[in-house]
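Below, each structure is written out as structure tokens.
Shared between the two complexes below is chain A, which pairs with chain B and chain C, respectively.
On to the complex of A and B.
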């Protein structure tokens, strides 16, 4: 009955109950348990979404939003039977770019690749930011999930770039938050207002469906330079990172196990750490309005590396010229966003991580402790640590690529569980949190926070139709 | 499942469904006709690979609802260009093996079954009266020759001016060639999962080519070219004949002065459509362009060209079984050519030409390269 109603809203060709579709949308690349939806519906307009949610409310049908499913957290897998997935990829318009206030107003189906293409063609002096993810990841989803990007060391998580949004509430009403409440062409910021972006940011699709989002753009600097640090030891590496990040001169700093660079260079799976090689490679990006500004920033980095060398002479800063000669075409892959660097993560059909945001005091300990766990489970070393928002915190994770067979899934589950316990012990908060991780988190956090979440959820979604079970709520 | 080595098994745990197959690498324009038309995940290459994984791992059983996603793909191979994962070169093979399994389990799609029945009865998928050998008498061709021109069913029974233009070019340039009593090359069956009958077709054609004493096969059809050059060795391990597409022969004929062209007052604006079976499947991009470059025309490229060219939508059995999708895909290509102000849209495949002519609602002319050349020969 509900399928007929949905067909009436979006047209028969945009509702599918097919076996193949239900199978594909029931899972993602992670180890999280699959759960088949009963159907997938693909609206094209705000009005269609409103109509769908009204029908869902009347029939108490569970709804799970989906755009590209690249969250690496199982976040589009239904948590209850008989759910319907709303695939938003047809809503893929960049509605407005404001050159002066530097923001883009986009629909949820817009991906990083499309944003890059559009800005390069129409607004070449502006740029957005890009994650270590396939280019066909939703810009809106990544902002809502508070992900990171290649300007996070300077500007923070992607949720910090949201100027405002429009959303359909679970009960079907259309609401706006941010300065766009005063009318069109006015999406310059979130303040000074009650900051209701927080009703949607980090909620994993439990509080409504975002139909438009205004996101900050950034001037494309005329001069950008990269360099790489090759370093030994967890504590020395993170000490160097902290010292450099505190100078507030970096656009980005990606500290990763050397294995990831070896993968870019084409070393076959499984990539092993060899005695005597650096433990970590950190890609740094600096930019400026003049070449001189960039060189000055790099000289600050050089000074810090000289200081580090006095303690450990093997710590090394390598210029991009040298990296390019060493790596050839693959050097471009390391810095070419959005797209290229992600390819090293596509070795198998399985990919997962325990991603967290973590206090600076725990960075070294986290890298060292996580490494021991991953080595014990005999996975490749793929640590990743990025200082965020100046130096206030870091994104920290261990990535695992694996063939998605039963044996490996079980091994991954045990390893991730241990990694998360260890991260929580160190005060880290998991991001893009799968349900199993939310459960572990909830065992440790202030219960009043969970009570508040439940209260807000009940208020917005009285019939609990939006992604029920997500975040273990 | 088949007893042959399984490409699905070999690459079972590779596709992460990252979506790179959906758009042009580093350019981000659309690249997947099927996914772009239907939009659901199963219609993109990654979705089909996951369906194959589901079937292979027995998490999925074949049912009728799977047939649309599995068969409504022109197997244009753009996904193989855009994918950056280890299985990238095997995606079309995975899709074709999945189709073969679907046919084994549920039977062919009715329209595709029609190909088989017509080939069995008439030796061609169009159901036309078989007449190929008559060309020998019509054109005064020898019984034996160094080269066999493999005409192909679309040129022989639909776009006959391409056949005639090719023969005109070969005769004018003094090539020692003949035609054989050919039957369908097998492409329509291979592309639609109907593998069982193909061996017979391969055997027949190879016997006739041997009887003609030929050392080389020349095709004017990109589909025949791909099938004979790439697929025949799967059926005949000793198959060692040289196979070339006419566009690969033309540069040497022009360079040696065996083909010369009239001077014309006008230089029409021309663009070139890369057939998937010639370009992405076989890597032939430059030769047709080199030929065009010596003609009295102004060549302009469409925004998506060479390995990123948008498919005409006809291949993989789509034109017969999914005409709405197929024609919509072709219209996109016509619009792309029209957008750059092309007066002539030239290709090197009779099936592409047929499709693009069918959907062309502009003043632009659609021609095969052989037709264009034949009209300019002095």
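On to the complex of A and C.
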């Protein structure tokens, strides 16, 4: 019955109940349990989304928003039977780029690849910021998930790039938040207003469907330089990183286990950490309006590395000219995003991580303790730590790629569960939380926060149709 | 001509550099005739390189190498960046070469092959 109504809204060819498609949309690459939706619907316009949500609200049908399902948190897997997936890929227009206030207004299906190509072609003076994620993933979902990109060391999590948005509420009304409430062409920011972006950011599709988002762009700096730090030991590595990040000169810094670099260099699975090798490689980016400005910034980094060398002479700074000479053309794909370089992480059907945001005081301890857990479970050692927002905190995770068989899935579940307990012990907050992780978090946090979330959810979504069960709400 | 894959960091870097260097047919032909064994002993760890109808690189030390080069990763990077030259590094004691007198031809060949490869 409902399917017929949905076909009327979007057209028969954009509704599927086929076994094949329901199977594909029932899972992602993580260890989280699959659950088949009853149908997949692909709307093309705001009006269609409004109509779908009105029907769903009347019939109490459960809805899960989806763009490419690459969140690595099981977040598009329905948590209850009889759900319908709303795939937003067809809404892929870049609606406006404002050169002066530097923002882009985009639909949810716009990918990082679209954004980069469009800006390079039409607004070459401006740039957006890009993740390690594949180029075909969604810009809007990444911001809604409060993810991280290659300007996050300087500017923070991706939710901080949102100037405002338009969304369809679970009851079908269309709302806007941010300065765009004063009309078109006015999406310059979120203040001075009650900041209602928070009703959608971090909610994993539980509070409505975002149909437009205004995102900050930045001037493309004329000069950018990259370098890599090769370092030994968890505490020394994070000390160096903190000292450099505190100088506020970095656009980006990605500190990763050397195994990740060896993987990029083509070392076969399973990549092992070997005696004598540096433990970590940190890729850094600095930019400036003149070459001199960039070189000065690099010399600040060099000074810090010299200081570190006096304690451990093997700590090494390698500028990009040397890396390019050693590694040739491929080195470009490690710094020029969006890039396919990290697709090697998806070599198997299984990929997962427990991603968290974490206080600077715990960085060294987190890397060392997490390492012990991962080594005990005999997975590849692939830690990742990115100082965020000028070093007020960091993103921290251990990446695990694995062939998805029963034995591995069980091992991954146990390892991730231990990693999360350990992270929570250290005050880290998980992001892109699958339900099992949200449960663990909720056991420890202020219960009034959970009560507040429930109240907001109830008032926006009285029939609990939007992604029910997510975040264990 | 095959550069054997290795699973350690320095070996992987060297293999990549050698692979690119051997894109030149002339060099490939020349190097394929060599029978030279060497150890590159760095402050990270040593790797052994054998030229014998191909190049194989392994982590660790082999017995009785023709040539042993001892240096730091910093010096290797400085040579790559052109901040120093191999000769200057030798003069300053930052790069030491053992086996030069017993295997002068091998040493000369390695020098001519490896240094331009690193310098890019």
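Here, the second predicted complex is superposed on the first by the 473 of 473 C-alpha atoms of A that agree within 3 Å, B and C clash if a C-alpha of one lies under 4 Å from a C-alpha of the other, contacts with A are read in each partner's own complex, and residues count from 1 in each chain.
Everything that follows uses one rule, which is that a contact is a pair of C-beta atoms (placed from the backbone, for glycine too) under 8 Å apart; a residue touches a chain by one contact, two chains touch by 3 or more.
None of the values given here were measured: they were computed from a predicted structure.
Once the two complexes are laid over each other on the shared chain, residue contacts for A:302 go to neither chain B nor chain C.
More residues of chain A lie in touch with B than with the remaining chain of the pair chain B and chain C. In the superposition on chain A, A:343 makes contact with chain B only, not with chain C.
By the touch criterion stated above, A:113 is placed in contact with chain B alone, chain C being left untouched. Shared-chain residue A:312: touches no atom of chain B or chain C.
After overlaying the two complexes on the shared chain, residue contacts for A:275 are found with chain C alone; chain B is out of touch.
Of the residues of chain A, not a single one touches chain B in one of the two structures and chain C in the other. Interface of chain B with chain A (complex): residues 12-20, 22-23, 25-29, 38-42, 47, 50-51, 53-54, 59-61, 63, 65-66, 68-70, 84-86.
Put simply, chain A touches chain C in their complex at residues 230, 258, 261-262, 265-268, 271-272, 274-278, 313-314, 316, 318-319, 321-322, 324-328. Within the complex formed with chain B, the chain A residues making contact are 13-14, 16-21, 23-25, 28-29, 40, 42, 68-70, 87, 89-90, 111, 113-114, 116-117, 134-137, 336, 339-340, 342-343, 345-351, 403-405.
Partner chain A is touched in their complex by these residues of chain C: 5, 7-10, 12-13, 16-17, 20, 43-45, 59, 72-74, 77, 80-81, 118-120.
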